[in-house]
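Two complexes, one shared chain (subunit A), two partners (subunit B, subunit C).
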Partner chain A sequence: MEIVKEVKISENGFVFNSKTGDSFNLNPTGLALIKLISEGKELDEIKKEFVSAYEVDDLTFEKDFYEFFTLLKHHQIMVQSDPLEFK
Partner chain B sequence: MEKLKYEKPVISKITAGVPSKFGLPARQKIISEIDGIPVSKLMEEYGSPVFVFSENTIRNTYAEARQAFETRYPKVQFAWSYKTNYLDAVCNIFHDEGSWAEVVSGFEFEKALAIGVSGSQILFNGPEKSEKDLTLAINHNACVHIDHFDELYLLMEITQKLDKKARVAIRVNMDTGIYPMWDRFGFNYENGEAWNAINRIMLADRLELIGLHTHIGTYIMAPSAYAIAATKLANLLVATHSKFGHWLKYIDLGGGFASKNTLKGAYMPGSETCPTFDDYAEAITNALISSEIPHENLPTLFLETGRALIDDAGYLLTTVLANKRSSTGRRNMVIDAGVNLLFTSFWYNLGVYPSKSPSEYLEETTIYGPLCMNIDVIRDAINFPHVKTGDQLVIERVGAYNVTQWMQFITYRPNVVLIDLEGRSHVIKKKEDLETLKNKEVKPE
Partner chain C sequence: MGKQRIRLAVTGLNNTDSPGPGVPFIRGVKESDIFDVHIIGLVYENLEPGIYMEGLCDRIFQIPYPSSGSDELIERIEYIHQQEKIDVLVPNFDAELFSFMKNEERLRKQGIQTFLPTLTQFQEREKHRLPEYGKKYGIRVPASLNLGSLGQITEMEDKFDYPVMVKGQFYDAIQAGNKEQVKQAFMKISAKWGLPVIVQEFVSGTEVNVVALGDGKGNTVGAVPMRKQYITDKGKAWGGITLADEKMLELTRSVIGQTKWRGGMELELIKTRAGEYYLVEINPRIPAWVYLAVGAGQNIPEALVKLALGMEVKPMQAYKIGKMFVRYSYDMIVDLEKFAAISMNKEI
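Now for the complex of A and B:
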């Protein structure tokens, strides 16, 4: 699963999806996370980076990560074509 | 290297449209303590969920209501509406402040007597009064507010049997411009039924008519409706005197004053739109004073307001069980207090607040209770900060009706706590346990 090519993300956390016409704001953690996702990094790698950089434990981060991921799919920033795909 | 402060990653859609006239609140309200006791301490001691009542708020609200009426009218008497909250500790505070008791069932009558209220200071309302209940009321010299002709004739029969007099009033329903008109209770004013009932009672040997009662509805936002009601009752009072030479002792305007809760579908918050006690008092007392009743014969004004006196004093403390997303990405939150404890959540948008400083990011959220039922929704849509599992929340203005209309369902009903004037907390109703529920069950042999 990757970020769809129509989505542009600015350095200050503004997101525009030219496919749907929707725009979004990211908070600073959201921006850091989406950057790592767009680099194609996997959860384990991202989690390691976050836990070492932020005041967060790995379980809390994992929960938040999946919730964020669900929202990205909901806003069509990422597309899941197969409902059984799990990454 | 020092770690960065973590905030839950969030992406929020920018929606263009008509901006809210009121804008977003500048700051999320937090309720971290009740009468000086931290929410966390109350929950540690009494569990979660837990109802908490503030004696200080009860007494202050009562004093405010009393002042509004007593500064405008010479004879005022409040009667505490038991059905709104009949926990002994709560009733005791109102009786200590000088309230009589207003009851609507044999059970409530017995409860008032058990608390120590004198029978002559009990107003007995409601459509359901059995022969046993009426006998109890007559024997205790209570005032029976007659609801219908069948009750009137039953009373005549009982007083004859007992060879005793009953002190009675009639409940009158009327058009005050309020919709829906509560015409299911009492005798109608406009079609002459109320006047008929008065005539019938005045001719009965063992019935002493001493008052007139009405209760025009609930959560009445228009004080002018009470003025109409007071005027119509004053007309009946004057007519009774003209025909029978008898001045009735009181006029009872019932209850129905709005609390500061926000009704579902309301545009503005109830705290901004609800009339004050002064508004109601001004309307009612002006109507009575400017009626044709001579000043020396002005009746005592009884008030049975319940909701407006107790709603603000009650809180429900609850814990976040889970955060989740719906299939459409909407934020859902599950808390450990359901609609079985919060009957009023069916008609109010109850105020739900965090107990400690949350994230600044607000998102529209649906708050669900823990019951395994689809109807268990505490708030359909509320802008709420992100909170974690285990975080403690406070639901305010839940003092009226919830602890009388709550249902035991799939779990135990929680502790109810009162914080007294010295800031000490007391359990006033213990949490149920298996024994509470099992001890009324009987297995067939």
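Now for the complex of A and C:
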């Protein structure tokens, strides 16, 4: 999974997709998550970091992560070549 | 080196809620590094805002609607030319283009240059011919049917599901969700723009547009893709943003390359969720949002004037991505004298 190259993410969480013209505002949690994804971290690594930094259990994190990930795909911010891949 | 002084006549100064491209076109040319422009504004109505905008036009002339007859319009242009010595004339309305294209040679002989599509180019992209156009040039277009009477609605229902888009030959597009709405839209549009009224299959997706300029030899001199961010109830862009969309540019280059399009154009496209592009309209002139292209780095109005004057123009490739325009309305306080002058004398 990777962030589409046309997508620009600013430090304050403003996301602009220059291919579609869409823009979004991320909250601090979303921004932290997307930064980790854009660094190419795997799901397990991201989960580990999040569970230690926030008051969240594994199951809740995974549920929220997949929901967020689906949104990113829906808005063409992220592409996933293999539907089973969460690297 | 000093700037070249030119006298430029422009129509479309109606910066209203359905704006013409005249004012942004003039803004673009005024920013030219090579031209020092004397602007002759040509208006149809005495309340076109461009008449009253300070520092926009040097002279203003009222001209007759093309519906009064081509000869009347061209004779008026010739009269204005006697006074103002027009170098380049840029018409900006679909409805007037035919008269100017037909009289291109007559104007050129008098020293008035234009840079317009040929009659064939103009006619083959007309809305009621779009399916053949798509087939000929290998472009995906929505299916459509030309309605000459209300009796054809049943035929339309056999072909398309609701909703459908009901469109006039030149302007207006109304989405209709049932037979009754199609009837209403047909009556409204046919009364204003005549027949046929075009019914298009509704394509769901994002509306995206390209402003482009063809040199008449198949080269794309400029092209900037944009997505409307704010659309008025008349379907006009009130805000937009430039896109990094190579597919849209490829499609534009393909249309211009195949048709050898001459002049400004706007491609209206629908991008579906599946990433397919449907060409819904080709406007045969510069659109009202052209100043976004200027702001993004492609001075398309200046390039069009250069082409009209027979100057060499290198294709512009780069533009800034993510540049936006936001339109606004603004109340100008004007003196009665200007209004009286244009109303009584038909010129200022």
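Just so we're on the same page, the second predicted complex is superposed on the first by the 79 of 87 C-alpha atoms of A that agree within 3 Å, B and C clash if a C-alpha of one lies under 4 Å from a C-alpha of the other, contacts with A are read in each partner's own complex, and residues count from 1 in each chain.
Note that contacts are C-beta pairs under 8 Å (C-beta built on N, C-alpha and C of every residue); 3 or more make two chains touch, one makes a residue touch a chain.
Because the structure is a prediction, the values reported are computed rather than measured.
Once the two complexes are overlaid through subunit A, subunit B and subunit C fit side by side, free of any clash as defined at the top of the document. Draw one line from the C-alpha centre of subunit A to that of subunit B and another to that of subunit C; the angle between them is 80°, to the nearest 10.
In the superposed pair of complexes, A:6 makes contact with subunit C only, with no contact to subunit B.
Once the two complexes are overlaid on the shared chain, A:48 sits clear of subunit B and of subunit C alike.
More subunit A residues lie in contact with B than with the other chain of the pair subunit B and subunit C. In the superposition on chain A, A:67 makes contact with subunit B only, while subunit C stays out of contact range.
By the touch criterion defined above, A:18 reaches subunit C but does not reach subunit B. Superposition on the common chain A brings subunit B within a closest Cα-Cα distance of 5 Å of subunit C. On the subunit C side of its complex with subunit A, the touching residues are 206, 208, 226-227, 229, 241, 243-245, 271, 321-322.
On the side of subunit B, the complex with subunit A involves touching residues 3-14, 323, 325, 328-329, 361, 388. If you check the complex, the residues on subunit A that touch subunit C are 6, 8, 16, 18-21. On the side of subunit A, the complex with subunit B involves touching residues 15, 22-30, 32-34, 50, 52-56, 60-61, 64-65, 67-68, 70-72, 74-75, 77.
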